[in-house]
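I have a structure I would like to understand better, so I am pasting it below and will then ask my questions one at a time.
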Amino acid sequence: MPRQRGARAAAVIIAILLTLATAGCESAVSQQQNSTAPGGPTPRGGDLRVGVLGDLSPKAFLQIGTGSMNGQVVANSFDTLIRYARDSLTVEPSLATAWRLAPDGRSLALDLRTDVTFHDGRPFVSSDVENSIKAYLSGPWTPQFKRTAAAITRFDTSDPHRVILHFAHPLSNIFDLLDSAPVIDQNTLPELKAGTAFNGTGPFRFDSWQPNSTVRLVRNEHYWGGAPALESVTFVVVRDDQSLFTRLRTGQIDVADGLSYHDQQLVTQRYGFTGLTLTGAESQEYVGINVTNPALSDVRVRQAIAYAIDRPRIINDVFRGSGYTVNLPWPEWSPAYRPEANTTYTRDLDKARALITETGPIPPLTLDYSTQGNDRVIAEIVQSNLADVGIEVRLVPNDRTQQSSKLIGGKFEGLWLLQHAFAQFTPSTLAVSAYPFNAAKNSSNYSNPAYSAAAEAAWTVRDSSSPEALAAYRELDEAWLRDLFLVEIGVVLRQVATASSVGNIDWDRRNQLHFAGTYLASEGKQ
Amino acid sequence: MTTHQSSTTTTVAAAPNAEDPDLVPGLLPESPGDREARHPRTPLWRSLLHGTGLVGSILVITVILCGTVGPLLTPYAPDQQIDGAYLLQPSLDHWFGTDDVNRDIATRVLYGIRIDLLIIFLAVPIGAALGVVAGLATVTHPVSDVIAQRVFDVILAFPALILGITLTAILGPGAVTVGIVIALAEIPIFGRLTRTSVLRVRELPYVEAARVSGATTSRILLRHVLPHSLEALSVQFALSLSLAVFIEGALSYLGVGVVAPAPSLGSILAGGNGYLETNPWFSLGPLIAVSILVLGFYLIAQSISHDRRLRR
Amino acid sequence: MTGYLLRRIPTALVVLAVASILIFAVLRLIPGGPEAALAGPDATAAELAAIRHDLGLDQAFITQYLAWLGDILTLDLGTSYQVGGSIADLIGFGLVNTLILTVAALIIAILLALALALTAVLFDNRFVAGLLTVVNAAAIALPTFVVGTVLILVFGVRLRLLPAGGIPPNGFTDSLQISAQYLILPALTLGLPAGAMLARFLTESLRTELQQPYVLTARALGASRTDIVLKHALRNALPPTLTALGITVGALLGGAVLVESIFGWPGLGLLTEEGIFARDYPLVQVLILLSVAVFVIIQLLADIVHAWLDPRIRLAGDR
C-alpha cells in the first residue's frame, strides 16, 4: 500500500527528528546553567564564563582596543606597576607600593612589592620592570604609549625591589604607561609572542586557548593580593553581538562584554540582568574632517557641520543614553573638562545655513564609516543632518581594516566617522598617542605650529594637573574648537551586562574587566 | 489543445486513478488529445498564464506593481528621517512602524522592492546569457569544453558569500557589485545546465538526423538543441531570480550589500534582525515581499517544468 | 572508465593551480593590508612599513607566490598573521566543526528532499502538492539569517529546549545526546534551503521518469505505483540529482559562513570571514584553496558516479 508506506516513512523521519530534539534525560540547556555550591559571605569557586567579541591576537597583545580578548588576558593574568582609580587620575599601588617623582620631573623611583612571583614561580624583581618596558617597545605589537616608553632613557635596577626610571624630559603621562604596560616575563617572551605561554604575576594563570573558541584562565593560588574567589574564568569568543545577547539570556555565559546598546537596555531593564557602566573607560564618537579637501578647507564649512549635527539624538537613539554630548573630548571627571566649552556648538540650523550661504554651495562630500558596530546608523543620521543645511554627503562603507588603513594613511577624502579614546588618560596623552589628534601627523592632515607646541608643552610638564598643564590643555581646546579638524559628537560609555549571580567586577581605563575580586553567588540565578 | 492543457496542468502530478488521461503514463495507451498535444510547440509564456504558473505570475506582478506604483502612493521619502519616530510600533501612519533611523519601513520596503527587482532582472539575465554561451561553447570543441568546465568549477568552488565579500572588498560595495556577484554565481549554473541538456538532446534521433544530413554544428545547436533545452533553462531562470533575492539579502546581512541609505529588501531585513525580539514588524514587511517574490518565481518554475513534462 | 578518470584528474589539478594563483592575487587586491589590521588605528606609517617588512609583503609578488606555493607543496601551511598560531592547528579544529555541521545539514537536506519528493509523487492530490509547494518555496524564500535568528529566539530563548548557539563545551565525543542538541538548530538552518532545492530537483526528476516508456511497461506488468517509484524511477532520477547534490555541498559550505556567524559555530566559515576582514593572507589562502580542493574532489566523485550511471555522458566525453 503506497500511502501507508509513505506515511510510515514520514512518521519514522518525524520520530527521529523529535527524538533528537527532546531526547533523553540529558539536556544541553540544563547542562549549561552555572551552578555553584552555596558558600559564605563571598562564595568561592565556580567557573565564570565571559562572552567577548573577538579572539586573542598575540601579535597585537599589548595594543589597546584590538578586540577585547587581548585586554582581558592582560588584565587578569598580568599586573601593572600602578592602577588608576576608576573615576579620577589618582594613582593607586599595584606591583609598586610607593613612588617619588624627582622635583625636575626627569626621574621616577618606584618601590616594588617583595612578595610577588610569576606563575612559573620565579620571583619578580626590578629588572623585570626594565625588561617589560623594553619588550613593550620592541614589538611585534605597536602599543599606544610607545612614545612615552621611548622617552625613558635609563633604568636603575641596582636594588631588586626598587627601580628608578630616568626620562629624556619631564613626562606628564608616565603613569598612563605604568597603568597600561603589564609586567611580563622576559624568559617566556618568545612563547608570549607565539601565544603559547602567558607567564605573568596576575590573579589567574593561563590554562588553555582554543583559537576561535575559548580562552581559559585558572586561579593563581599564590597571588600576592590573595587567591581570587573564582576557580577559573572561561572567555568565550562570540562573533556578533546578537549571539552574545542570546547566550547571556540562555545562561551560556555569565558576563556579556560588547552587547549592542539596544540589547544592553533590554537585558538590564526587562530581563533582570545587572548592567555595569564602565566609567573611566570612555570613548568618543566623532566626525573627522580632511582639512586639505578644497571644500572643507574653509573653516566656516566645518563650523556649519558642527552646528548641523544632532548630537542628543545620536546619544539617545543610537547609544540609548549611555553617554553625553560634548564639543571637546574630555570625560566629565577629567582635569581638562570644562562644561561651558561643550556648548560652543549645538544643533543650530539657522547658523549653519548662514555659514553655508556665506561660503557658497559645496560640492558633494564623502563620509566614510566602518560597517562594524552601529556606525552605519550614525552615518545615516549625520548625512540627514548635513542635508538639512544644504551639504550633500555620499556614504562610503568600509570594513574595519579599510577604515583603519585609510585613517593611518590620512586617505579619507572628505569626512569620516569613528570612535577614539585616550581622553580618559592624562589629557596630554591625547595629542601624543591618539592618531586623530596627533600633532605631528594626523588623519585630518591638519598641522599648526601652535597646536604642536601646546601638545608638546602639555606632554613635557612635570605634573599633569599643575596650572601650567591646565593652561596647555586650554590651548589645545581652543585649537580644536577654532580649527575644527574633527567634530566631537559625544562621550560614549561602554556597558557590560552580567547575570545577577555575578558580583564585584572591577575594570580599568582600557575597557578591560578584572576578576580578581569577582565571585559567583548561587542565589538569584536566572 | 490550449483549453485541454489548462484544464489539466493544475494537477501537479497524476495519481493512478486520476481522471486526466494524459497525466497517467501507462494507464491508458493513448488518447487522441494526448497524441496531438506533443506536436505543436506551445510557446513558453503559456506556462505563465495558467494553473500554478498563473498564481506565480500574479504574485510576481503584485510585487512588481508594489515596487513601481507603490512609491508614488506613500507620503514619505525612503530616506526621510521623521523627527522622534525612533522604532515606532505599526500605526495608520506607519503600517510597519519605523526603523532605528526614524524612517517609515513600509516606504522603504516599497523602494527596496524596486532596487531588488532592478538588480535581479539585470544581473540574472546577464549571468544566464553568459552561462548559456559558455555552456554551448563546451560542446562545440573538446578543448573549449575542458576550459569552460574548469572555469565553472573554479567559480563554483568559491562559496558564493566568500566570493561576495572578496569582490565587494575589491570593487567597493554597491548595487552594481551585488549584481556582479549574482551574475558571476549564475554563470556556472547555466553553463553546466546547458551542457548537460545539450549532451542529452544531442543523442536524440532528430539531431542525429540533422547531423547526418550535413547541418553545421552551430546550426544544429541553434536550431535544434537550444530550443529543446529552453524549458530546462527557463525553469532554472525562474529559480535563479529567487536565488538572487537570497544572495542580495545575505550580502546585506554581512554588511556588503547596497550602500546606505538606499533601501533594499536584504538591507532592511539585516537592519531589522537586531530587533526581532522587540520589533518583529521591522522585519515583517521585507520578509513578506521576499517570500511572495520567491514563491512567485518558484511557482512559475514549477509550471514550466510541468508543461515541459506534458509535452514530452 | 579508467580512461575517463585519467583525463579528469589532470584537469582537476589545473583547476587547483589556477585557483591558487587567483586566490593569491585577488586577496592582495583588497584595499587595506594586514599591517593595518594588526597595528590598529593608532599606529604610524613607519610602524606599518616595519610590519609589512616582517611579513615579507615588501617582496615581489612572484617571489611571494612561489615561496607560498613551495610551502604548500611541502605541506607547510605557515602561521596566521592575526592569531599567530600554526594554520594547520587552526584549520584542523575548524574543519572538524564545519564537517560535523555540514554533514548533519546534508543528512537533514537529503532526508528532507526524499521525504518531500516522495510524498509529492506518492500522495498525488492537489492539497498535498500545493502544501508541499508552499513549504518548499518558504524554505527557499526565508533568508537564512532570519530563520536562524527566529529558531534561536524560539527554541533557545523562549522555550529553552535547545542551546542558543556555540558548540558542546566538553567536545562532540563527550555525549552524543548533548552534541546532537547543539547541532540541531544550526544544521536545520543550514540544511533547510538546501533540502528544499534538492527536493524540487528530485520531484521534477521523478515526475519526468514517470513519463518514460519503461514505466508504462512496468505498469502493464502489474507493478504498483509505489514499486515503480521506489524501484525504478528513483534509481533513474538519481544521476541528475547527484549533480545537484554536488552543487548543494558547495552551497552548504558557502552557507556555513552565515550559519556559523549566527550560531557562533567556530568553523572554517567563521575563520574565513574573520580572516578576510583581518587580511590574514596565509590563513585565507589556505582556507579558500582547501574549499576549492574539497569542491573539486566532490565534483570528480559526482562526475564519476554520474558517468557510471549514465553511459551517454561517458561516451560523449570519449568522443
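Labels for the chains are A, B and C, by order of writing; each one numbers its residues from 1.
Please note the rule applied: a contact is a pair of C-beta atoms (placed from the backbone, for glycine too) under 8 Å apart; a residue touches a chain by one contact, two chains touch by 3 or more.
Just so we're clear, the structure is a prediction, and the values are computed from it rather than from any experiment.
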(message) When contacts are scored as defined above, which chain pair ends up with more C-beta pairs, A-B or B-C?
(response) B-C
(request) With centres defined as the mean of C-alpha atoms, identify the chain lying farthest from subunit C. (result) A
(request) Quick one: report the Å distance separating subunit A from subunit C, using the average Cα coordinate of each chain. (result) 37
(request) Please report how many Å separate the Cα centroid of subunit A from that of subunit B, as a whole number. (result) 46
(message) Nearest whole angstrom, what separates the Cα centre of subunit B from the Cα centre of subunit C?
(response) 22
(message) Please output the residue numbers of subunit B that touch at least 2 other chains, ranges allowed.
(response) 169, 273, 277
(request) Check each residue of subunit A and list the ones that touch at least two other chains. (result) 242, 399, 402
(message) By the touch rule stated above, which residues of subunit C touch at least two different other chains?
(response) 31, 149, 153, 157, 225, 261
(message) Under the stated contact criterion, what part of subunit C meets subunit A in this complex?
(response) 31-45, 47-48, 50-51, 54, 81-85, 89-90, 93-94, 111, 115, 118-119, 122-123, 149, 152-153, 156-157, 160-169, 175, 177-178, 180-182, 184, 224-226, 229, 261-264, 266, 270-271, 274, 277-279
(request) Report the residues of subunit A in contact with subunit C in the complex, numbered from low to high. (result) 1-3, 5-6, 9-10, 13, 20-24, 26-29, 31-32, 55-60, 63-66, 139-140, 142, 144, 193-195, 210-213, 236-240, 242-243, 246-247, 249-250, 252, 398-409, 418, 420, 433-435, 441
(message) Going by the contact rule set out above, which residues of subunit C touch subunit B in the complex?
(response) 11, 14-15, 18-19, 22, 26-27, 29-31, 120-121, 124-126, 129-130, 133-134, 136-138, 140-146, 149-150, 153, 157, 193, 197, 200, 204, 207-208, 210-212, 215-220, 225, 240, 243, 247, 250-251, 253-258, 261, 269, 272-273, 276, 288, 291-292, 295-296, 299, 312-313, 316, 319
(message) Touching residues of subunit B toward subunit C in the complex: what are they?
(response) 10-16, 18, 25-27, 52, 142, 146, 149-150, 153-154, 156-162, 165-166, 169-170, 189, 192, 196, 199-200, 202-203, 235, 239, 242-243, 245-246, 249-250, 253-254, 266, 269-270, 273, 276-277, 283, 287, 290-291, 293-295, 298-299, 301-302, 305-306, 309, 312
(message) Looking at the complex, which residues from subunit A come into contact with subunit B?
(response) 241-242, 260, 262-263, 266, 317-318, 371-372, 376-377, 379-381, 383-384, 395-397, 399, 402
